[in-house]
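Both of the next two complexes hold chain A, though its partner changes from chain B to chain C.
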Partner chain A sequence: MALDLLLESIATGLLIGGFYAALSVGLTISFGLIDIANVAHPAFIILGAYFALALSQTFGIDPIIAGLLLVAPFYVIGNALYLFYSNTFERRGESSLAGLVLFFGLLILLEVGMATQFGVGLKALYSAYGSVAVSFGPLLLPLRFVYSFVAGVAAVIALELFLSRTFRGRAIRAVAQDAQAVSLMGAKPETIRLIAMGVSIATAGLAGGLVLAVGPISPYQDRLLIGRVFAVVVLGGSGSVVGALLGGIVLGISENIATIYLGAGWSLAVSAVILLLVLALRPSGILRR
Partner chain B sequence: MKRNLAPMYLLVSLAFGAILPVFYKQPYFYFASYIVLQYVALSVAWNLLGGYGGYLNFGTSAFFGVGAYVSAYLFNSLGIPEVIAILAAGAVSALFGVLIGYSSLRLRGVYFAIATLAATTLVQSIVLNTPALGSAVGLYIRFPAAPAIYGNLIELLFVAMFGISVVSIGLSYWIENSWIGRGLMALRDDEQAAETLGVPTFRLKLYANVLSGFLMGVVGSLYPLYIGYIEPYSIFDLGISFNVFVMTFIGGIGTWQGPIIGALVLGSIQQAASVTVTSQYNLAVVAAAMLVFGIFSPGGLKGIFSRLFGKRSTGTVN
Partner chain C sequence: MASNQSVLSIENLQAGYGGVRVLHGVSMTVKERSVTVLLGTNGNGKSTLLKCLAGLVTPDAGSAKLSDDGAGVELAGMHPYEIVEAGVSLVPDGRRLFPLLTVEENLLMGAFKKSARKRHKENLKSMGELFPVLRERKGQLAGTLSGGEQQMLAIARALMSNPKLLLIDEPSLGLAPIVITKLMSTIKELRDKYGLTILMTEQNLPQAAKIADWGYIMVHGKIVFAGDAQQIHDNELVRRYYLVG
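For the complex of A and B:
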């Protein structure tokens, strides 16, 4: 029986890992590729979740579809955010530290904005599959996690293809490797960063839909996600999209195993421990290049 | 000449703080000033690593909270005298600083900032899962008897926090003008160059983090006595870390006067505002103020003063 429980928690952990990957891919792009430590990334995800809730309730659509609809507007928000950041902070040099000032401030403003606009209580969307589980061999898996896993993996594959196959995606990786060389080739690193930040925040829109599909939302929920997304990003090696998927799966499974053996109260500590350990022992992540 | 007078300033300020409650009786003044002074001490402590070294600590509430819980536990459950509990709280918090420092101070500053965020979650989880520390329910603190010279406990707490602030300021002034401060500023401006010239960068960062952690722990250790009841969600709140960061930033990061100015100004405004607006808006105002300063005056209020009076600012993170 105990083995069944372990197997099931590993399987669910795997599914949650895909969900975590969706929450973190955007951050691995901004943090790892264009050196913007966007601590407000989870706050944008929760903002996306509230927008997805409004969309789902108004048009009666699925939260994941709502998340997909948010990709375009969030891309624009990301562009605007980058323009603001580069005109105020980045130009002064030592960008990533000065940026923390902006993004920490933004995190608080977004939280307060959501708390006053949507109320501090929990809000949930009851979808048709919210409490349905599918049996997979001997395992019983919650359908909402299956869907969010599929969406997360699809997002990772799409972004990996974008970064490795398209001209713009390759340009983003080029800027990450050597911005000066890129500008010597006649391209503007700023324009490429603008695109990258747009993509990063666009994933937060989709992730918001997934958060809503998985469970109830609240304005300060981003604080439960900060440690997790950074743990996933650092674990996978910041800048690596596929690493985010692996990191997410490692975190998802570890959290679930910790929940069985130590109790649910410890699940938040898992990401913190993983983050601190990876920083101490292997700061370049599990996929060292 | 000026430096020889520093110990005298220190003693005069300490004496002033200790005597004030004997003459001036106004409970709300002490109640509000305690919090302002608490932020002065926290910001000055934060500035040691964040201002001089440029390594931003987003986990002030973790150090503060470790101090609060250690002293509350020692004092409440084991009946250990306050003074020892306070020092023990500082020591445990300093040790916590060593752990975080070893884990992440070798890396770029951004990683340290993230590690301190994670460390806050970790200590909060530990407290939430430890019944001896009250788990999620929290701990009630038995108030000690008020001392004879001061009318009530709040006056004594005010005097103690005043003393801690003055001592922290003295330490910060000393560090700014010693080889430790110069080394930290050198590594803030160019870590590789500093390392090449023989500055023991990692050791200096660790010292600063440990000292800063010790002071934050000591400050936190008094809080249970002030508030009477502690629970993990309000103690390890990101808002505390954010306030401290912003106060230092607005006052003038990387100078010994900056965090004092910022904490006095913003802390007083917040105390006045807490009677009128909710804490949510309070934090939003602070965040907005920080963005405005970040964009228009990275040197903070200290930088504005220096520009007005023609003195050169000691430096900023940027």
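For the complex of A and C:
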């Protein structure tokens, strides 16, 4: 095996890791901090990708910029989703299993909705840098992955600052630990969760833009992402935003190495293996929250 | 020394959990700039009373009025976060810190309400002066502190909201005697230096009596004795309740 090929796949895997982090940070907030197992998260990402496609085609803007424009409307969608969830399932104390069924139903609705609305075939945006590679020393790196890596890392840094430096962000971390104590601090736990779910879905809007920047999209593409995002969240430590970046990088590199040595067909199994190994050996993940 | 203006007037408060009545018509007052101690052994309803005042338990009947410069605010039935906004802060039973947040982050959580956010920097500074150990450990996770340090952090966190009335539930529980002595002198300092009004529950009579201006004894959800510091000290009932019964 050529050393260059190995190095290149590690470097590309690292870049893909930043992309995976952007897909997973929202889930680590909902699943890890407010106990909402939103299995429909990847479906929201694909929805974001279709919206980003429409924005890009209409206004001729970059897909990543389109993803950034989706952050605000997706925040509101997240708020609405939380209000529905809290007024039905959470209030009745059926937040775990019945809630999972709700989000699973939502996932299917989103997929079917996208398939009927946008068609089942692949759609792609041919951006200026779609097939451009940059050389980095001896390595050739696809520019679209460089950009999505930068966007993913920026999103992780922004969220980490929000969660550690702002009153609302700290309250989101606190509500995961003791919601009643949060109410004794003068904060309404429902409002804090509402904000958290808004932030979570807002990241799906941005991630949609990145998915579109990286490759073609299709309505059922969330199926390819769901195992990966849960693996990244659990590997990084559920609830940890920086952990999602580390988890994403580990998954990205592992998938690329598996592709070289075992064949491309195996790369999808990597996330499942990682998920099972982490749950069995280190359930708290790389970084505890 | 305590003035005669009352900060809190509780009248005929009744509360319980499900079908079990815990408080059977409790009436008491807390005077401005005083330390009022609610004494009683375990399971008599002291914690339930504080939970009613903080909004964690909704009373079935009765009233708890916070006198806010003449106009009374009815606390009974308010949500916990509204009560904090009104100027009452509870240091709960078991401290209820956020173990995975740092000491400083816990303190900042205490300053969540809008009026307190504006003053969080100066309040953080005065908490550091009042509890130097918290300043030394500001970057440490709250869950790694000792019991006494955790209790201090819980009190400091409650103070970050600039309360008019501070409620403390069993501050001495689980602490070594020497730590309790220090804690009591800190609570006394809060009254003397900062003019705070404090209502605390205690099982530890000798320690609490040292700093109390007023004392109430609760037995089976009823107040059976009320008096000032001297009366608590001298009272036959108190002695009998604590030494014999």
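Note that the second predicted complex is superposed on the first by the 285 of 289 C-alpha atoms of A that agree within 3 Å, B and C clash if a C-alpha of one lies under 4 Å from a C-alpha of the other, contacts with A are read in each partner's own complex, and residues count from 1 in each chain.
The rule is short, and it goes like this: a contact is a pair of C-beta atoms (placed from the backbone, for glycine too) under 8 Å apart; a residue touches a chain by one contact, two chains touch by 3 or more.
Since the model is a prediction, treat every value here as computed from it, not as a measurement.
Using the contact criterion defined above for the overlaid structures, shared-chain residue A:V39 touches chain B, although it does not reach chain C. With both structures placed on the common chain, the touch criterion links A:L268 to chain B but leaves chain C unconnected.
By the touch criterion stated above, A:G105 is placed in contact with chain B alone, chain C being left untouched.
Of the two partner chains placed by the overlay, only chain C lies in contact with A:R170; chain B stays clear of it. In the superposed three-chain model, the partner touching more residues of chain A is B, compared with the other of chain B and chain C. Once chain A of one complex is fitted onto chain A of the other, the partner contacts of A:L276 are limited to chain B, with no touch recorded for chain C. Using the contact criterion defined above for the overlaid structures, shared-chain residue A:F89 touches chain B, although it does not reach chain C. Shared-chain residue A:F230: touches chain B; no touch with chain C. Counting contacts as defined above, no chain A residue meets chain B in one complex and chain C in the other.
Partner chain C is touched in their complex by these residues of chain A: 164, 167, 170-171, 173-174, 177-178, 180-188, 288-289. Chain A makes touch with chain B in their complex at residues 31, 37, 39, 88-89, 92-94, 96-98, 100-102, 104-106, 108-109, 112-113, 115-116, 223, 226-227, 230-231, 234, 263, 265-266, 268-269, 271-273, 275-277, 279-280, 283. The touching residues of chain C, counted against chain A in their complex, run 54-56, 79-81, 84-85, 89-90, 92, 96-101, 105, 108-113, 116-117, 157-158, 161. Residue ranges on chain B touching chain A, taken from their complex, read 54, 56, 58, 100, 102-104, 107-111, 113-115, 117-119, 121-122, 124-126, 128-129, 238-239, 242, 245-246, 249, 280-281, 283-284, 286-288, 290-291, 294-295, 298, 317-318.
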